[in-house]
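Working notes, structure below.
Lettered A, B, C, D and E in written order, each chain numbered from 1.
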Amino acid sequence: MAVMTSEAPDEIHRSWRTAALGFCRRQPLGTFGLAIVIVTAIAGLSAEWIAPYNPTANDFEAMTEAPSWAHWLGTDQFGRDLLSRIIYGARTALIIGFISAFVGGFAGLVLGVGSAYFGGKIDLILQRVMDILMAFPLIIMALAVVAIFGTGVQNVIAAITVPLIPRCARVVRASALSIREVPYIDAARTSGFSHSRIILRHMMPNVVAPFLIMLTAFVGQAILAEASLSYLGLGVQEPTPAWGLMLQGGAEEYASTAPWIAIFPGLAIALTVFGFSLFGDALRDAIDPKLRER
Amino acid sequence: MTGIAMTDAGADRPLLEIKGLHMHFPISEGILMRRQVGEVKAVDGVDFSLRRGETLGLVGESGCGKTTTGRCILQLERPTSGAILYDGVDINTLSRSERLALRRRIQVIFQDPYSSLNPRMKVGDIVGEPIHVHGLAPDAARRRARVRELLQVCGLNPGFADRYPHEMSGGQRQRVGIARALALEPEFIVCDEAVSALDVSIQAQVINLLEDLRERFGLTYLFIAHDLSVVRHLCQRVAVMYLGRIVELADCDELFDNPLHPYTRALLAAVPVPDPVIEAGRNFQPVLGEVPSPINPPGGCVFHPRCPKAVESCRRMRPALRELRPGHWVACSEVS
Amino acid sequence: MPPLLEVKGLHTEFRTGAGVVRAVDGVSYTVHSGETVAVVGESGSGKSVGAMSILRLIPDPPGRITQGQILFAGRDLLSLSTEEMREVRGSEIGMIFQEPMTSLNPVLTIGRQITETLQQHRGADRATADRRAVELLNLVGIADPERRLRQYPHQLSGGMRQRIMIAIALTCEPRLIIADEPTTALDVTIQAQILELMAELTRRLNVALIIITHNLGVVARYAKRVNVMYAGRLVESGPATEVYHDPRHPYTMALLRSVPRLDRPRQARLDPVDGQPPDLTRLDGGCAFRPRCRFAVEACGESRPALEAIGAAGHLSACFRRDELPSVQVAA
Amino acid sequence: MMNRTGWLGVSFSIAVTAALAATPVAAQAIKKGGTLTYMIPADAPPSLDGHKENTFATLHATAPFYSTLISINPDNPSSTTDIVCDLCTEMPKPTDDGKTYTFKIRKGVKFHDGTPLTAADVAKSWQYIAFPPTGVSSAREAYMSMVDKIENPDPETVVFRLKFATSAFLPALADPFAYIYKKDILEKEPHWYEKNVMGSGPFKFVGYETGQSIKGTRNPDYYHEGKPYIDGFTAIFAAKQSVRVDAIRADRAATEFRGMPPSARDELVKELGDKITVQTSDWNCVNLLTPNQKKKPFDDVRVRRALALAIDPWKGAPALSRIATVHTVGGLVFPGSPLAANKEELQKIAGFGPDIEKARAEARKLLKEAGAEGLKFELMNRNVDQPYKFVATWAIDEWSKIGLKVTQRVLPTGPFYEALRSGNFEVTVEFNCQNMVNPLLDVAKVLPRSVYPENYGGYEDPKLIELYNAMLKETDPVKQRARMRDFETYALDTKVVTIMTPWWNRILAHRSYMKGWKISPSHYLNLNLANIWLDK
Amino acid sequence: MYRYILNRLLLAVPTLIGAAALVFILMRLIPGDICVIRLGSGSSINAAAVANCHAQLGLDRSLLLQFVDFIVGFASGDFGTSMWSGKPVSEEIATRIPVSLEIAILATVVAVVIAIPLGTISALHQNSWLDHVVRTVAIAGIATPSFWLGIMSILIVLDVSHLLFGAPWMPPINFVPFWEDPLHNLSIVILPALTIGYRYSAVTMRMTRSAMLEVLREDYIRTARAKGLLEQLIVNRHALKNAMLPVVTLVGIEFAFLIGGLVVTEQVFNLNGIGRLFVLAVQNQDYTLTQALVMLTVAIFVVTNLVVDVLYAWLDPRIRFA
């Protein structure tokens, strides 16, 4: 417990705690989602300490072993411990998920808010460009990016990030457009604030809350996109421990003879994305005044 | 150009002078190749002026163009035509830096105390930001002191500086909005329906505050409102607008005691007074019809379809604003 | 003759994140056939919730009617089954809402929205319902009704939409209409038209009207009786003339004093009600108006004063000092 | 531990089942009739023209429709030297010092359109293969560089005149892609065969749906008496490994003819027992790990040697053989060939030593000397699972044991070739895989680019070329084998131009009712289905 | 209305041209060479053959010329011939489109038929156990990788049929059009349609639920209640039609994005559809085919948006009579 130096922080703590408790009470599903997210995050951050085995070391004495006390989730075809690979894979998933969601999201945020604020020709042109990008299916776009630059974590992130931008910009633009009409933006303009100040200080923060919630969904979608790319052989590559990669090859080859190789990484993906979605949904419900009781 | 001649010949030139203001919003169709298919004549030839220290009421029903007029003065819209002279200078001819300087002198108070404050900023920041941007306080400590002072002036506890708008009631928020407007030490404030969203018991508090501030800082108000009783209480002169035009303009008491334009009369008659006995004694006949669309306003006098006094010529002739009595201007051909 | 509507000790609560809000906290009043009763109060005073409670239209959760009786034509509406209650709504009691803009369904024709009530409650066939709809539109003063019936709400002006709302409320010839701020969203001239129309129709059709408003002028013009609400309670109730000319609750007095008036000479300054409206989650046991009251005494902090009669004219006030107020007022 | 034995048990039983199933159950009477459904493990080939294409997808789809002049013996396909006649009547003895081969063509052979096939058609087809006219492309033009002229002296005779005598000629002539087309069509419309099928093979063309399936029906006029045994076939394109296994399991198809990973074999045998027959063979394909000597530090032989030393094929091969389509540790030469090195010879080469710990210690020392301790590099690979990525995963782990940090970059086929050619890689996984088993030519893969254009190691080495030529010109088998050893040792041990991984393992599990077909070391061979019969 | 549609179609032109330019550039940025891929899958590559192939495919001309050709050809309805197979692109696409279209339509039907009622029920019983179950199932649909679901579903079908009938069963692997053999056809497309449809319905269901929740809070619903209408009528007539507005938009957008989903699903189920053709075309660097496919995708996107707009206008008189 921190030493209380004044009353204010205590109050803040308490309000935080009440808010958190209130959230848990009203959003049991969301709390469950949050728990999943936290578990994933802990696994990803402290993989070195909690993973029982080296995730990349081949062990030819223990190939395709069923779950046992030695290997809780079994081993894959190279004799690598699945639990350890899943724990390390959480890191890869979160890195890919967060970086692509946030980079793509923020690029979309800037474009969306700018487009809405300036309107006119800029808006028109940006909208058309976004239309073009939107028309490319995400996976095709990613396919092209990987075909050009090759595989690897950075390229996979780029491949997922690029298609996220227009999707994000579109959503942000819509909400920014409504905020642009709000009197406090007019008040800021009459106070003679610069465009950048109005965009950054007045519009962004008000778009950002729903946007951040949207990002939690994007993190999940990015993790899924990585899995799909991996499935096509274009995602992260061996020996990097990554969930999508673990499903590639192994999932199909051993689905029948060593099903744990296919089942556990798939569950890890599904559960994590599930967690992010649940949490995001609940957060939106909790924050969106329209959905709150009157 | 008739203009509004000053009744008080000895006064300085007006602080604000509006000449032939038109604001037409185009209605366009097509996404690729925009074609204009019509326009909303929100403001369609408005002239008036404001003396320093005066409060001019601008009344009318929704869609009459009173808010758009205010937005043009605030440079939130660029008028289609007409001139807005502030302190003798046409604001549309100003350079960027001059514009910025002018922004300081003209401020605004909005109607909705909920949406006019940025919900993500603390009250102290909302009020302090303009001071910061315009460099009106040398350092952060002075700025904070100034914010506290402004809050106090507006009847708020200076401790509210650390609160967020949603932690306050509607009346308190409106006071924050006023404090923000005062932060730049303006001389002219456009009050756009500044009290109409407030509850009756709070409304009076804010009206009193606005009056106090006017006296204390020598402010000039353009008071845009639809509530006639509030306008009567607060303003020295009143302009009545209908469909983008001013139909009557006079000193406050003159207008309320002796309304000339049929529309003004209808408006006044429509307002019920809080006294059952008086109401029981009134023989009340509401004006017929509704306000026509500003996209396609009627020709001639815009009020003629609803006017009990309308004659044939009203359909064709757009009546000019005439000064029937000293300082009392009316745009109606049928009154004298 | 028994009253048409008798509300007895109505309590309606909302459970929110911040706590339980007693939006209506023990309200009782009566409405007689053909009578127009106004409920006046500021936002959050519980006037709308009270009206919605009569029709049991409070969304549950979070809202709930916890206590009381609502006797309508002898039946307790609160004890009716959902199905029976549904039959009462629209058929015996009509309702008019504040926002004509949003209260009509944007994707259905005007005709459909009028006739469906008839089809629901009277089992009318299409043709009969259409004829009645035309009749109703004529009644509420809408020209060219046949064409209007085929139109959609967005093609109509605000005033016309409110006329449509009145027509809908009148469809089944109800005995009571509840109008919740029916003119607040309208312009003054339109407001006057609508109010006149309502006054005329209720008189002609002998319909009782509960009009909920914050506009003291509207009340003065149209209501026989006035109920003043503050913080979920009735603080004063009585014939309009009595309440306006001899207010016996400090809140009513303050309200009347604080509004600028066209019928009196301009004052130098208004006389506002001090302070802010109370937070309904944080009420104590005392009179809710006490913090803003100029006449508060110690007793006001100890218990909440009951609504009790002053004289015989049906004038009631919920103030401990209801009898001494005229003299105190002069003194103040 | 208990579980492990369980899984070992499965693989053990697989071996037994396979052995049992493969044992011929006396000489069963051949049954006629039935339709064979098999899968082609690829997407649609670019065209149906065997002369033009080089992909097995074309071959697997069209081989049953065509005849060739000669072919590998379908009854003994695992032999690398048993070549027999298809359209000819008898394998000729070369004359003119081995420079002239005269083939007599069968009489009475008919194209599917009913017209007779004569020596003129054979000669014209081979002229188009060896000397394609402008506007016509032949994938095998280069193999025929020894041919001087192809003559057609009479309707029953085709004569090949060579520029010089070479033992490489007959294998090249037995190329499974060398379909015999009809002369008239070739002359009239040389691109006709890209989209159409009309041959003289055991099956007549019925229909082709792009990327979907191809169908054939028995050719009653087929010149090999009694064949084919089945009434017809349907070949379905199924690029996805798991779909193929599932399809065999559910008997939607009898097999495929390329080769499947051990997991597929395990699953099918486990689920279907004796309904499945497994045939395996060493496969004439191998993956090579080739460092790019144009990039530092791979120009340093010590670094390359360290890379080789770190990998333990003797332990890796048996383990990998359980999960990947690799099996046999070998050098440059296909292990099934008499020219291949034996284990003793191999163990003298870097990376094949018997003591891995010693080898790794040496590798670390070499790295240290070369200043490349803890080297990080990227291994480029092609986007193919089996066995490319398996081999790479294994190699990367082996390298990590001497402190190397290797990441993998996988590219689709197009960009992969581009990177190879432009030398835009550090170390790459490549492969050497030829239609016909012909080690003399196959080992040319390690020759510098100036001699062998498809070499990507980025080095020049006259001595290597010299050693190769010495080996190639040697006609005495024993001496030739010794020269081959010199060449191999120089390439793999002295210069370490590339690192061998275990040779591939061709595993084919097919429905047991499919009989009469035998596996070969190349998935390009024995595909005309004429010998297959269905025991249903 | 017609002018509105025409306008939207005109709007599609710059999008199409932009997409054309983008795909043209992207394709040429991919390192590699279709001729090398074609000629080099077995052994050595003949440089002369490659050059010959370049000349045949017109790849030896300037990029600008190629682009102009592409645009002019496209505008005149000539999509060119596939560089990979030499067949007309239109024929290549026509061969593949029935499977994909069938799956897409089936998935949409699944999505609409299941999702809209479920979403409505869920909204009507907000925070009930039913709502929680439906939402959980829906979010699981969004969270599960579709290919994994596909793999698992095939496996389950195989194992279950093996267990039940003693012999494993799976859908046939050769596609037959519906009108030739409906049962055969349906047994092929049903699993992929369900796999794709799950995610699709999950998204639709969530949208229906939240739109419904929002609509149910609207004033006109309160009006309808005050009129004493049957709850059923309120939901069906008053709420659903309004709630459908955002749902229609979403269904449209998702339909346009189905091609992306098909890319993966067609791999899993070995279906010879547009999605797989897309991957092949990109990997084979078949410029003409890829370009045509991208244009097709963009066209589908544009047309779907148009259909959505028209539907929107049909549902919403505010747009119809604007």
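Following the convention adopted for this analysis, a contact is a pair of C-beta atoms (placed from the backbone, for glycine too) under 8 Å apart; a residue touches a chain by one contact, two chains touch by 3 or more.
Computed from a predicted model, the values in this text were never measured in an experiment.
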{"item": "Least step count from chain B to chain C, where 1 means the two chains touch", "value": "1"}
{"item": "Interface with more contacting C-beta pairs, comparing A-D to A-B", "value": "A-D"}
{"item": "Centre distance in Å when chain A and chain C are each reduced to the mean of their C-alpha atoms", "value": "50"}
{"item": "Computed distance of Cα centres, chain D from chain C, in Å", "value": "90"}
{"item": "Between chain E and chain D, distance of the C-alpha-averaged centres to the nearest whole Å", "value": "39"}
{"item": "CA centroid of chain A to CA centroid of chain E, Å", "value": "23"}
{"item": "For chain E, residues that touch 2 or more chains besides their own", "value": "14, 30-31, 151, 155, 158, 267, 282-283"}
{"item": "Set of chain D residues in contact with two or more other chains", "value": "240, 242, 271, 383, 412, 414-415"}
{"item": "Multi-chain contact sites of chain B, meaning residues that touch two or more partners", "value": "none"}
{"item": "Chain B contact footprint on chain C (complex, rising order)", "value": "42-43, 157, 159-160, 187-193, 195-196, 214-223, 240-241, 244-245, 254-256, 258-263, 266-267, 269-274, 276-277, 292"}
{"item": "Complex contact set, residues of chain E against chain D", "value": "30-34, 36-47, 49, 52-53, 84-87, 92, 95-96, 151, 154-155, 158, 161-162, 167-170, 172-175, 267-270, 272, 276-277, 280, 282-285"}
{"item": "Chain B to chain A touching residues, read off their complex", "value": "71, 74-76, 99-100, 103-104, 106-108, 110-112, 115-121, 129-130, 133-134, 177, 180, 184"}
{"item": "Chain D partner contacts - residues on chain A that touch it in the complex", "value": "56-58, 60-68, 70, 74, 77-78, 146-148, 150-152, 233-234, 237-240, 249, 252-258"}
{"item": "Chain E-facing residues of chain A, complex", "value": "28-29, 128-129, 131-140, 143-144, 147-148, 220, 224, 227-228, 231-232, 244, 247, 251-252, 255-256, 259, 262, 266, 269-274, 276-278, 281, 290-291, 294"}
